[in-house]
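Per-chain residue numbering starts at 1, and chain names A, B, C and D are given in the order in which the chains are listed.
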Amino acid sequence: MKNTFGNSLTLTLFGESHGPAIGAVLDGLPGGVPVDPDIIASLLAKRRPSSAIDTGRREADEFQIVSGVFEGKTTGTPLCILIPNEDKHSADYQSLYGKARPSHADYAAFCKYHGFEDYRGGGHFSGRITAALVAAGGILIPMLEGLGITLGTHIKSCAGVVDRDFEDIQKDIDALNAGDFPVLDNQRIAEMTAEILRAKSELDSVGGVAETAVLGMPAGVGEPWFDSVEGMLSHALFSLGGVKGVEFGSGFSMADSRGSLCNDAFRMQKDKIVSETNHNGGINGGITNGMPLVFRCAVKPTPSIARMQNTVDFLKKENVTLEIMGRHDPAIVRRICPVIRSVTALVLCDLLCTRYGTDIFLKGRDAL
Amino acid sequence: MKNTFGNSLTLTLFGESHGPAIGAVLDGLPGGVPVDPDIIASLLAKRRPSSAIDTGRREADEFQIVSGVFEGKTTGTPLCILIPNEDKHSADYQSLYGKARPSHADYAAFCKYHGFEDYRGGGHFSGRITAALVAAGGILIPMLEGLGITLGTHIKSCAGVVDRDFEDIQKDIDALNAGDFPVLDNQRIAEMTAEILRAKSELDSVGGVAETAVLGMPAGVGEPWFDSVEGMLSHALFSLGGVKGVEFGSGFSMADSRGSLCNDAFRMQKDKIVSETNHNGGINGGITNGMPLVFRCAVKPTPSIARMQNTVDFLKKENVTLEIMGRHDPAIVRRICPVIRSVTALVLCDLLCTRYGTDIFLKGRDAL
Amino acid sequence: MKNTFGNSLTLTLFGESHGPAIGAVLDGLPGGVPVDPDIIASLLAKRRPSSAIDTGRREADEFQIVSGVFEGKTTGTPLCILIPNEDKHSADYQSLYGKARPSHADYAAFCKYHGFEDYRGGGHFSGRITAALVAAGGILIPMLEGLGITLGTHIKSCAGVVDRDFEDIQKDIDALNAGDFPVLDNQRIAEMTAEILRAKSELDSVGGVAETAVLGMPAGVGEPWFDSVEGMLSHALFSLGGVKGVEFGSGFSMADSRGSLCNDAFRMQKDKIVSETNHNGGINGGITNGMPLVFRCAVKPTPSIARMQNTVDFLKKENVTLEIMGRHDPAIVRRICPVIRSVTALVLCDLLCTRYGTDIFLKGRDAL
Amino acid sequence: MKNTFGNSLTLTLFGESHGPAIGAVLDGLPGGVPVDPDIIASLLAKRRPSSAIDTGRREADEFQIVSGVFEGKTTGTPLCILIPNEDKHSADYQSLYGKARPSHADYAAFCKYHGFEDYRGGGHFSGRITAALVAAGGILIPMLEGLGITLGTHIKSCAGVVDRDFEDIQKDIDALNAGDFPVLDNQRIAEMTAEILRAKSELDSVGGVAETAVLGMPAGVGEPWFDSVEGMLSHALFSLGGVKGVEFGSGFSMADSRGSLCNDAFRMQKDKIVSETNHNGGINGGITNGMPLVFRCAVKPTPSIARMQNTVDFLKKENVTLEIMGRHDPAIVRRICPVIRSVTALVLCDLLCTRYGTDIFLKGRDAL
């Protein structure tokens, strides 16, 4: 479905970096879900460039809900949220058109759209579009919380600095969502910042790994074969520009392990069935097993770097060199964390709707 | 869509391990595509347990095409392929029901289906079902080849033994598809076999990494944001039971790298635009860029091991121990390679249909 | 989605008239729904040619459930039902190929499938395929009944003979489903039969109107704009070969009426909100309003008639005459009634699943 | 998919009558299709209340394309078109809430959305929303015309006045699209107007039948079983509030006819295969046969009439009387014609994309 994701609760994404606005339509919401503009704004703020390690550009992210909300609550009909773009100086883009920025979508989009793509600032492929996902997250995350489901994303590693693992997951999630810089061990903030700034000073960029934990998902959610929890989450997560790898639970490290070491033994914890370890990241056979969901996304280094790079001019079909001007993020892994959290919320809300019906979000946790 | 995958060309999967048959329905095929039962059979043979490192069970994999083929060619209407299950001794499963095999779908399925799931041999969650995917691959892979698109999957690593990388990709793909044991360096066969058998003798199992390369995909294919090449491929790949991680191009290793090191510089190669490196695995912004597609799947160790394991009886809600009897694969990474290849073919055929229309497979490479 | 229908509960149809088998895959069923082969068989019997007014062909309609049922109940995984075709004498079809039977799919299918379609007996476009829909109905109709929702279809008119309207709907539905010839006024049976046989003796065929009533649908079901009750029902109903018109409530006659005459005034009936009339057929704004659903399908005369007809040979591109041999139904309106009832059940089950979640069919009417 | 329609080229609809804006997102368009704001505006003008027979309300229908168009052409990424609502006096709606307007969606929507629906002016169920469909038509209709496919909709009958049938279809379509009042026989304009005004003066409303013809569709388009031309068209057409019946070709009148009278005999017309009659409306077996598409929609009388009506207050659960104030259309059949035309264009564009791929609209008629 191209720019629409979800089976029961869907999100449709639209917009270009330098067009009048970007936005999203959420459909399949029940009527009666509270929509709090402050929560949306605070989530957008977490994605917005703000710290020393982000791009120097400033975005306002004013948003407008143009449908689907009435008297502060969802109506149950499509909710369209619009984020106007501010005036951009786009004139200079025209002269650059044709020079494919390496590891960007420029050339691939040209092949797909035959040169009709809006190339200014990456157009529809700009990270800018993720603001609409985060705005949607500002509606969906509280819906999950109303069912007792919470989630948080932290920078597991960046520029050689490694954050600690999730420990007390509920506490860790709460801390992440309260803080500005999404790491579990706050001592890592200075180290990461220093390393990122060092890369920046070397006209370079760094990648990182973002790790997400979800607490409170009931067992029995997921629609395998194809619409398994892993299938749906990865589909949505790989839609994010910089994500080049996704792994659940112990992921790639399980490939080097043995069954005796990474099978998760079930045990009774009073009346509740849990597993002693969680190498499978809370998912067996594509279905939640009641344990926390845990997964990681590999985020590649920002492809926009200030160095001179080799590339081609795909219009002229010749080799050229390219110097990308302007202010760019030396690392996007911090800013992608709220995006991943929002995308995760979308997938989980959709799977919950499929299983429990549209109105589950009005009913509270006891109905799960 | 639960057990249906694809937008333009869809596959619907059905069947249980111990039911009368498993199968798949392919819809959206054009009329006129040759269907060669021998190719299907030879692909099924590659998935079938046969070597020392596989389960001792023997499966016949007789298949029947019950619709959609007439006089050796697709009709354009739904193609249903059926693989009957042979008689299984299922009586003994009943006494085991309730004892959740660790890292299997048993408990999660029980939660989802309320105890009505067919639990015998893993039911719908058995790896057995992948035979239907491979059978479909026997139709889809030749369709791609008719467009000049070839693909191969090898065991990149297993039990500590590492295969070499793709080098001359076309030659490597051809060799893989001609051989029995999917590695690029045949010297690794004995080593892997030995290590797998060692794990087996220790009543244990191993995982591995399967790597796939696709040659010949035209630039400009993919439907981002959501139905990007990565999004669609990962969605389908994570539907496979043992897959716990997927990465494209340099994947997770890019997270530790720098933009200056892993940006893929475009260059003219005569008239053709290529990139000097391929860290992005042939995909920019979710769209093919004309370079080879490369991705890896992390496959966890087979959860069925012969050791006594701790678990719960979810019916009685008590801790128990479990000894899984029978013959199991100490490693599935070899047998999953043709499955991954088939699933990849499904995704690529679907994306090509979306872009070029249903009849592209009748037109040949010049029409791309 | 071509041969798949439904959003939450889907049916995928496959098969050709002269292939090995036809069938359907139902996906999205909950686990635990009883499946009674006798009910399926009795519904198939209602569709089967049996009376003087049907084709002289005899079909056995043996069916096999190859997946998705375990110990007499649905497992929750895809349910594939297969109906083998009996041996047909297909050799003589080849000589006829190219001569387009008027008002059949022959020529249109040739254009779509480029001559690769299975042309024998109409192939995938044969009314034969509706047997798979009826078999599915044998599972879905009892699911609705478990929620207190019943439905019946009668021949409203055929060959100039008009049946009475629904009166005591529950009683009428019960009588229809118990009887062999679906009319409300049994006195019409002889008249209709006589008129149909008269047409047959004149080497001709007749059409008719089939009317359906559904009792017990809760108010508030339907997903407008597009997946309104009318949109979904008509989509599925027009998939049936002979259906050329669908109208809800007073339908086309409302076009000639006035608002004051055909607005349905709401009234309290004790605690319940009802409408005094039901010109809207139980649907307002695409959503059920709690009144009975009522709609009619126009069924065209069977296009296969024994007279010499003008047509073209589309292979030779020349005018020819055609005499359709064999035994054909002079009217299909009787046999289409159980098909319409089954298709209606599919649509309503799907819409109920979307609203209430997969498990609603396990919960009983109080959960609506 | 609720408020999204289409498989290959999709439209997502959003907005409420009294919210900030209504709009639509078109996805799956190729890059490079010209978008002419004047065409959109002129189509919107045809839907806008303007004549004596329409509501006295005046709507501006200013629209804004917020994404997917660059330098006057589609980019190939989602095209969002927004139509702001003008300030409405909504305060008085609150006191009316609960009093279900007969034959409106009020009560059904209350049941579905639990009282959270935006009830002002019909909210999401207002005919107002069709403006977004017409705006989309302003993009889609020229795309069809670029392929040599034209379509027109006229009032076949209204208030007892009957327009003539299509004769020289191309000429008739051209005249319809050039004129203001969509009838084929201009002498009917005064008669219809008089009858409609008579109904209005009697505080009443009238319905009508709208008939559409499409010229130039290639043979072989349609995706039966389910996504047949009839299935897809009816699905979309029944999404329009007032439509209660849809019939193709001779429709319901075929139910009273005989095979010998309504089979369409094929004949060679020089090199082209045509049929002598067109009772099947250009569709056989759900697939176009190259003849003109013809279908009719029954439009019920506007439910808003100025008379006192019986109804219930669904909040208080009591019988009440209701007088609907304000200015309403005594007939919507004129204004629905451009809506039907736009919706038809959407369905046909989608089916063409499915068959020929995304880029067909850049290639011209020879590529069909």
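List of remarks:
Going forward, a residue touches a chain if its C-beta (ideal position, glycine included) is under 8 Å from a C-beta of that chain, and two chains touch if they have at least 3 such contacts.
Being a predicted model, the structure only gives us computed values, none of them experimental.
Farthest from chain A in terms of Cα centroid separation is C. Counting C-beta pairs in contact, the pair that comes out ahead of the other among A-D and B-D is A-D. A straight line joining the Cα centres of chain B and chain D is 45 Å long. Centre-to-centre separation between chain A and chain B, using Cα means, comes to 26 Å. Rounded to whole angstrom units, the spacing between the C-alpha centres of chain A and chain D is 38. The multi-chain contact residues of chain A, meaning those touching 2 or more other chains, are 1-4, 7, 13, 112-113, 124, 355, 359.
Across the complex, chain B is touched by residues 7-8, 353-360 of chain D.
Touching chain B in their complex are the following residues of chain A: 1-5, 7, 13, 100, 102-109, 111-113, 124-125, 129, 157, 160, 199, 203-209, 218-228, 230-232, 234-239, 241, 243-252, 254-268, 271, 273, 275-276, 279-281, 283-290, 298-305, 307, 309-312, 314, 317-319, 355. The residues of chain C lying in touch with chain B in their complex are 1-4, 10, 12-16, 19-23, 25, 27-28, 30-32, 64-68, 70, 73-80, 82, 112-118, 123-124, 359, 362.
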